[in-house]
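One chain, chain A, links the two complexes that follow: it is found with chain B in the first and with chain C in the second.
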Partner chain A sequence: MRLPPGQYLTEDFPVLTAGPTLRVPTDTWEFVIITEAGEKHRWDWKQLMALPSERPTVDLHCVTKWSKLRTDWQGVSLDVLLDGVDTAADYAMVHSYGGYTTNLPYEDLRNGQAWIAYKFDGEDLTPEHGGPARLLVPHLYLWKSAKWVRGITLTDEDSPGFWESAGYHDYGDPWREQRYQGD
Partner chain B sequence: MDLFSDDFTDGNALAGPLREIFAVDMTSAMGRCVSCGDEGPVAGMKVYAHAPGLVARCPSCQEVVMRLVRGPSSAWLDLRGTMSLRIPMPAE
Partner chain C sequence: MARAAVPGGLSPRLVWRAARLVEFRDETPSARTLVFDVPDWPGHLPGQHVDVRLTADDGYSTQRSYSIATPADGSRVVLTVQLVEDGEVSPYLTETLSVGDVIELRGPVGGWFVWRSADPAPVLLIGGGSGIVPLMAMIRARRAAGSKALFRLIYSARTPEDRYYADELRTRVRDDFGLDVSYVYTRKTPEGWPLPPRRLGVADVNNGGWPPDFQPACFVCGPTGFVEAVADILIALGHDARRVKTERFGPSGT
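After this line comes the complex of A and B, so read on.
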């Protein structure tokens, strides 16, 4: 069993949220990638469902110190979504319904490290856990895996998201215990 | 299942964490929301505590008015959603 420093194991799936749980209907849901040149790439729910999906089994590490191992997801790899996007951006800002944001380097979205996930444990992802779809970037602390994801803006410059601008680490690698700014 | 779940507490949850920073009780301080302009006591804010930090939202418009993150050796207080805080003081 592998646990990053300072983490403890949990079997349940705690719900953390910075606001009310959102109910985003799939008939109006959309996911938009905007490049640094302002080019928009848009998918509605049907288009997302038509894309090839993967079933990653991953460990989750929350900055509040719980970890949950071997969780089962289904979703579309960001590689599939970004392959047709012309960009040389170094950074990405992830936006959620409800206004939440989180930032990460562009390369952390590539090479099988990130998904737009819509099923958990074989079931539709519940709103409490960020459904209908959330970002899943399990190699970073879980606040980076934005719930209720609605889009990603690609940028040349890094800028801090919701928690990154209030004391949390800009990158958030659990294995280097990058919880707070300066860690 | 609830159509809308909303797990928050009132702003009295901010009493201890803010007293740690300001050394006075801030719950009766009056905050004005940047987003909608409404003014109300800190104790009346909607506080989401099941999160990496405390997130206080305006009871009128739901926008974030205060975020408080407590690390092991620092606290971060983000007040960009608050236009002003009127803090009761003893008369001079």
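After this line comes the complex of A and C, so read on.
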């Protein structure tokens, strides 16, 4: 059984967003990592496309209870992006176009656990699902996989992002059913 | 993991609470309003939802989220549940659950898609199908709080018979000063309706909503395709994306 507690299976790919869908053009798109020392690392769309990519097949678990198994993505591993970044940060705040934020521990971005994903099922990722590029951290509830991602700020201290400030769990492990603060 | 409710709600944790059905009424042939008594319910804001958990005799349990249909009122928690034919939870809630039966729920959940009665800004509510439920909680909360905030609701339903709260909305439009309601029908219109059945479009939002200059707080709730279309229309009309809050249903809205 590969379903975490309280989840049910869906074949659809539901859309859950707090506001309107953003349309971010790739010609002005950029992705920026800022370290705790303020050092900036920047990639534009062409540079991202030129990096080696992976094709992870992963299960998705949404805090609203649905799970979708064996989804097919393509994107750049955060290991590739972070390898040249000098940091000893413990936490990361992920930022999206439109202002969405979500927090997670730095180590959850490393060791083949996270990607900047730009293709789903072999097709360009649609805006509804976070295209042109979204974070993909499938071992955490899906709100951590920020749509329309534009950057990551590395920090020494943890602070809550958008949903985390609204009562959702700081870490969000589906297997421990960490949906809300205190779970 | 089952947890006992904490009496007095002292813990910030969202504990599972026993909810006893005290009353129900059918809103449409396939939607039922369920009134629960939930001792020590901590209260909620209009627009928030709860998680419902059902557990079978063999220990199998399953959860779904449902919007709360009314403002906070002591230990009362009111849900309106749409029957989804092949659903796992909604058939039980709408067809089997009887007065006196107990289910588990926890919440309130969601601190974003909420209206606060102290906010004087005009409000635009756009609901599709059962997406009316959290919007109705806001309309009821407005009345309960004596708010003078101007409200407009655009309600898209498949047919006149599929409308929830039809009588109450008619009464409120008459009695709640500053509330307007307009309807869009996608499959079948009432007798004598000036337009054929169709999906909600730019003209409906333009006519039934507020000009962007009024900077209304916009709440859009319904199935994904509906919410996507309406949110795009609002942005195209010039509404500030930060003023547009959305609640999209999952795969089936159950």
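The working rule: the second predicted complex is superposed on the first by the 182 of 183 C-alpha atoms of A that agree within 3 Å, B and C clash if a C-alpha of one lies under 4 Å from a C-alpha of the other, contacts with A are read in each partner's own complex, and residues count from 1 in each chain.
By definition in this document, contacts are C-beta pairs under 8 Å (C-beta built on N, C-alpha and C of every residue); 3 or more make two chains touch, one makes a residue touch a chain.
Note that the structure is a prediction, hence the values are computed from the model and not measured.
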Partners on chain A (chain B, chain C) - clash or fit: clash
Per-residue contact with chain A, leading partner among chain C and chain B: C
Touched partner set for A:65, first chain B, second chain C, both or neither: second
Partner chain(s) touched by A:101 [first = chain B, second = chain C, both, neither]: neither
Touching partner for A:143 - first (chain B), second (chain C), both, neither: first
Touching partner for A:26 - first (chain B), second (chain C), both, neither: neither
Which of chain B and chain C A:128 touches, first, second, both or neither: both
Partner chain in contact with A:14 - chain B first, chain C second, else both or neither: both
Touching both chain C and chain B, counted on chain A across the two superposed complexes: 14-21, 64, 99, 128, 163, 165-167, 179-181
Chain A-facing residues of chain B, complex: 3-8, 48, 50-53, 55, 57, 62-64, 67-69, 71-72, 74-76, 78
Sites on chain A touched by chain C in the complex: 5-6, 8, 10-12, 14-22, 62, 64-66, 98-99, 128, 162-163, 165-167, 177, 179-183
Complex contacts: residues of chain C adjacent to chain A: 1, 11-14, 51, 53, 61-65, 88, 109-113, 224, 228, 231-232, 234-235, 241-242, 244-246, 248-251
Contact footprint of chain B on chain A as seen in their complex: 14-21, 23, 63-64, 99, 127-128, 143, 163, 165-168, 179-181
